[in-house]
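In the two complexes that follow, subunit A is the common piece, with subunit B as its partner first and subunit C second.
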Partner chain A sequence: MSNYIPTIGVEVHVELKTKTKIFSNSTNGYGQMANSLTNVIDLGYPGTLPTLNEEVINLGIKAATILNCKIRKVMHFDRKNYFYPDNPKNYQITQARTPIGYDGYVEINVNGESKKIYIEEMHIEEDTCKSAHRGTKTLLDFNRAGVPLIEIVTKPCISSGEEVKLYLEKLRELLSYGEISDCKIEEGSMRADVNVSIRKNETDPFGTKAEIKNIGSISNAKLGVEKEIERQTKLYDNGETFKPQTRRFDDKIGDTVLMRIKETGNDYRYFPEPDIPFVVLTDEMINNVVETLPMLPDERRKKYQELGISELNANKLVANRPLSDYMNTLLTEKTNHKIASNLLLGDISAYLNRTEKDIKETTLTKERFLELISLLEKETLTSKNLKDILDTVMESDTSIKDIIKEKGIENITDDTEIRNVIKEIISNNPDSVNDYHNGHDRAIKYLMGQVMKETKGKANPKLAMDILTEELN
Partner chain B sequence: MKDELSREEVLHVAELARISLTEEEIKKYQVELKKLLNEVEKINDVEGYDDEILIANWDSNAELRKDIAGDMLNPKEVLENAPRHAGNYIEVPVVISDGEGA
Partner chain C sequence: MKYLNKSITEIHELLKSKKLKPIDLVEEAFANIENNKEYNAYITLNKEEAIKQAKELESKEVDNLLFGLPIAVKDNIVTKGLLTTCGSHMLDNFVPIYDATVVEKLKEKNMIIIGKTNMDEFGMGSSSRTSYFGAPKNPWDKTKIAGGSSGGSATTISCRDVLFALGSDTGGSIRQPASYTGIVGMKPTYGRVSRYGLVAFASSLDQIGPLTKNVYENAVLLNAIVGKDEKDLTSARKKEEDFTRLIGEDIKGMKIAVPNYLMSDIVSPEIISKIKDTIKVLEKNGAKVDYVDVKYLDKAMTLYQIIAMGEASSNLARFDGIRYGHSKENPKDIQELYFETRAEGFGEEVKRRIMVGSYLLSGENAKIYYNKALSIRDDMKKEFINVFKNYDLIIGPTTTTTAYNLDDPMDDPLKSFMDDVLVIPVNMAGLPGLNLPVGFDKNHMPIGMHIIGNAFEEAKIYQLASFIEKELNLDLEPFGGENNE
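Showing the complex of A and B:
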């Protein structure tokens, strides 16, 4: 097979996390009984009028900000006209001419190098009803009709299935963190369509385009694109051509199949929606919304690494929002953040998984956590002993000092106490001391063992070793 | 200026509207639709016509609705208004192509 240059663009629809629909006050919900979340507006009854949901505009501003888009301050909606049973009004209300965001980008990391995926525009629109085809019938559920959507359209700047995957993962992370959408592909709250064409040289015009729809997962998006590039390559290699077409990804065969040939462009006859006045955004409105954005994943990763947390742990923290939020409460604290991240991702995660709790449901306040870190850092508490007291630390209000005392596992960090024990051991073991001075390494280990035995394992090991070495010399 | 649309233009509009036309109707609409378009085109003669102010007065900002849930229809009421239903779903003749719309 020859090598061609792929040109790929992605269109993503995400459902917004609002309480109500975009143009009506019926509930925006998933997994409910069919046709139970509707009213006359969603069903397109004659004489009804849409009213725009404020939260949709707010989430649009948030998404545009997160995706580094410019925000349009004066916008209107348009009618996209088509006859299809998923939309009984016979038009979808969308933003064709004045998308809320434009000229943005998302940064992905491809083999250690940063690449910007440019966003052409992102616009707000209503979802259609859900249709299921059964033999000679099509079944309609209007619960989804009027659910607010944002469609995000990239420029054709993506060059592989792997990049599509990285872009979708990044988009999902950003929109989830911004609390804009659940981004659950399996529930349809995030849907991706991918346009793929290939050409021989950069200077050639773009090749014929195939659009892949019905992609059920991010890994299928990658696979679908790779299969499509392969299919187009074979055709061109055999001297064949093909018509612009829509294909869908078939889970069962792991490949794309033809849905329809696009003979002509769609004729949607857009015109401005006369039932909704212009939306005019002020700087104040925009700032008020932007202020509510949480710290975004990339900034979190950067901050964590600046505080000495490894890249691996920084990524793991970001992947677990509740733990990352907890970590963020410690950012300005003078503490050992490395120990904090190890604890959160290690013993504390294990505890939370085992008890199916959220960290907020435990008694691990910030103050208690800082105390725990400090005890571990000073080695008053060993990581082994921590395991013995963790459940109590997470479930009771007893002070950590008292918990340690009750369990009798406090490390001896008192110099004099350890020194006295060591002096006694040295005088009781003259043979081992001699061996040590004759260069037998094992002797010091034996003597340390005696120290730990005498202190019932409570001597701070590092301190004990320092004093022992000092006393021996 | 021609005083009628072409046969193809009328058929295209009919297809978008999902209606079939008789030969007689096609001929009739070639003339009638053109008359309608001529009327609409008069807007181009308006002095100072601006596409951007076509729709609404954008000094009056849209009043946005608070995101608070209200009453919904009982599914039974919804289904009563549909010609056919299967369980709680509204039933229509099968639609061949998939994924149109949004």
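Showing the complex of A and C:
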């Protein structure tokens, strides 16, 4: 097979996380009884008119900001006219001419190198209803009709299936963090269509495009693109051509199959929606919305690593939004952030998973957590002992000190008591003392073990080691 | 005893003093409608419900001028539980499950909806002859048209069946039939009245308005239906005002413009002469009347066709046989459902306008036609605003001729637009306009004067209209008050 240069563009639809639909006050919800979340507006009844859900515009501003887009201050909606049973008015209200965001980018990391995926535009529109085919009949569920969508269109600047995957992952992370969308591909709240063409040289005109639809997961997007590149390569290698077409990804065979050849000249008869006046945004409106944006993933990763947290843990934290938010409350605290991240990702995560709780539902206030970290740092509490008390720490309001006392696992921090024990151990183990003086490191570890054994693990290890070293010399 | 040809204030006093009950009015209205059946003003009567409502009102306090009064509603305004056909086979089985905002407002005032009036199919026409239910007839001469598209509403008011009717006006559909039938019809400023529940013809032009026998009652009904509606983003938030407040004031010093185009040879000499007579009355009473040139008036018709048909082609796309209305039985596929439902459901004129509208928005045409029309329309608005810098009101004739014969040929699609050539500019500019009867032609068919105001200055229009009404003191009852007994 020859090598061709792939040119890939991605169109992503995400459903916005609003309480109500974009043009009516019906609830925006998933998984409800068919047609229970509808009213006469969603059904396109005669005489009904759209209203405009402000939340949608706000989320549009947020998304545009996150995707580094320019924001259009004066915009309108357009009607896209086409007949289809899932399109109740037989026109879809969208933004064809004045998308809310344009000229943006998303940064992805390809093999350690940063690459910008350029966003052509992102616009607001309404979702269609869902159709299900039963034999010769088609059933329509209008719960989805009028759910707000944002469509994000990249420039044709993507060059591999892997990049498509990285882009979609990044987009999902960003839009979830911005609380713009759930981005659940399996529930259809994030849907990607990918356009793929290949050509021999950079200077050649773009090759014939195939659009892949119906992609059920991010890994399938990658696979679909790779398969499509392979398919087109074979065709070209055999001297064949093909027509612009729409293909769908078939889960069962793990490949794309032809849906339809694209007819040229789809005529949507766009015109400005006369029922919705122009939307005019001011800097103040935009700023008010942008201020509510949480810290974004890349900034979090950067901050965590600056505080001494490993790259691995930084990524793990960002992947777990509630824990990352919790971590963010500690950013300006003088504490050991490394221990904090280990705790959050280790014992605390395990506890939360086991009890199916959110960290906010526990009694682990910031103050208690800081105290815990400090005890661990001073080794007043060992990590083994932490395991014994963690449930209580997470579930009761009792102070950490009292919990430790109650459990009887308080470390012996009494200088004299430990010193007496150590003196006795030194006199009982002359061989090891000798070994120590002869430079055998193992010897001091053995002696420490004896100290712990004698104190049933309660000696503060740091203190014990200090005294032991002192006594030996 | 006959009440429904009395003034609203008289009836209101009688209701208040319990000398008259709403049920008496309702029964009289239905008797009138029965008497005047041949005029074909109604598509659906709301008999059972109206009687029930009238009886219920007996125990309620008569708390406003419109309380207990019957009203006719054009059949493109949706009424909960009451057939709403838009004059079309497409919706001849459509019983809405919701009320238009204006209907809610009428109900708040305890007005009683007596029935749904006849109209051109989906408002598309100027003689109501495109109605699936046959055309209404002109009460002044039953061989003549009542005008359209609100022909049924105009007819029932002209017949004095009831005091009040609602119509809708996209390109003259209230004012033109009001002119042909000798009544008062107001198209308010675009945004004054909520369009929620008005089945859309051309969304950027449609406006609901009142039809009545006199100016005062017109203003009273307008008071009841205006206001910002959260369900209609194009409705305007304005301070509450009483549209009757300037009625009775003199017109001394009022500055009035008469666009030369409206008095040009496109208008019949009889009408021009009647308007000139009226202008003399105005001048005699201290108004200053100037003839002025207003640019773009002659372009309004072309703009209207592009904008109205473009929008209509999209607005009427929802009638596909899937969720409501006419539906092709047992279609073999979705294609046939669409094609046959629409082929059977729509009449000729509607199909023609959908096709032309689709063409106008198609591909590059949207830029060449629709977008260009929108931009010239803005220029036209500015031109009107300029006139209103120097003048209080604009006047002219409402129509170029009086009502013509019902059996005149309908084979020239442009003719129906020409009927509205003088009233369309007002829709294009979103301004308020009112028809006032000012006399009769040699066949005793009514002639109407068109009074145009600046945006949201309906009160000023009513001031001038009521002044002329009083001065002329015409007998405007088509049957000399003899048909309804």
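The working rule: the second predicted complex is superposed on the first by the 446 of 473 C-alpha atoms of A that agree within 3 Å, B and C clash if a C-alpha of one lies under 4 Å from a C-alpha of the other, contacts with A are read in each partner's own complex, and residues count from 1 in each chain.
Criterion: a contact is a pair of C-beta atoms (placed from the backbone, for glycine too) under 8 Å apart; a residue touches a chain by one contact, two chains touch by 3 or more.
Here the structure is a predicted model, which is why all the values come from computation and not from measurement.
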Touch count on subunit A, higher of subunit B and subunit C: B
Subunit B versus subunit C as contact partner of A:L52, first or second or both or neither: both
Partner chain(s) touched by A:G135 [first = subunit B, second = subunit C, both, neither]: first
Subunit B versus subunit C as contact partner of A:K89, first or second or both or neither: second
Touching partner for A:K213 - first (subunit B), second (subunit C), both, neither: first
Contacts of A:P274 with subunit B and subunit C, given as first, second, both or neither: both
Which of subunit B and subunit C A:G44 touches, first, second, both or neither: second
Partner chain(s) touched by A:R79 [first = subunit B, second = subunit C, both, neither]: second
Partner chain(s) touched by A:D415 [first = subunit B, second = subunit C, both, neither]: neither
Subunit B and subunit C footprints on subunit A, overlapping residues: 40, 43, 51-52, 81, 83, 85, 138, 140, 267, 269, 272, 274, 276-277
Subunit A residues within the subunit B interface of the complex: 13, 18-20, 25-27, 33-40, 43, 51-55, 57, 74, 76, 81-87, 92, 94, 125-128, 131-142, 149, 151, 213-214, 246, 248, 259-260, 267, 269, 272-274, 276-280
Sites on subunit A touched by subunit C in the complex: 40, 43-52, 79, 81, 83, 85, 88-91, 138, 140, 265, 267, 269-272, 274-277
Parts of subunit B lying in touch with subunit A, wherever the complex brings them together: 12, 16-18, 54-58, 60-73, 75, 78-79, 81, 86-95, 97-102
In the complex with subunit A, residue positions of subunit C that touch it: 76-78, 84, 86, 91, 94, 96-98, 100, 195-200, 202-204, 230-234, 310-311, 313-314, 317-320, 322-325, 334, 338, 358, 361-363, 366, 370-371, 374
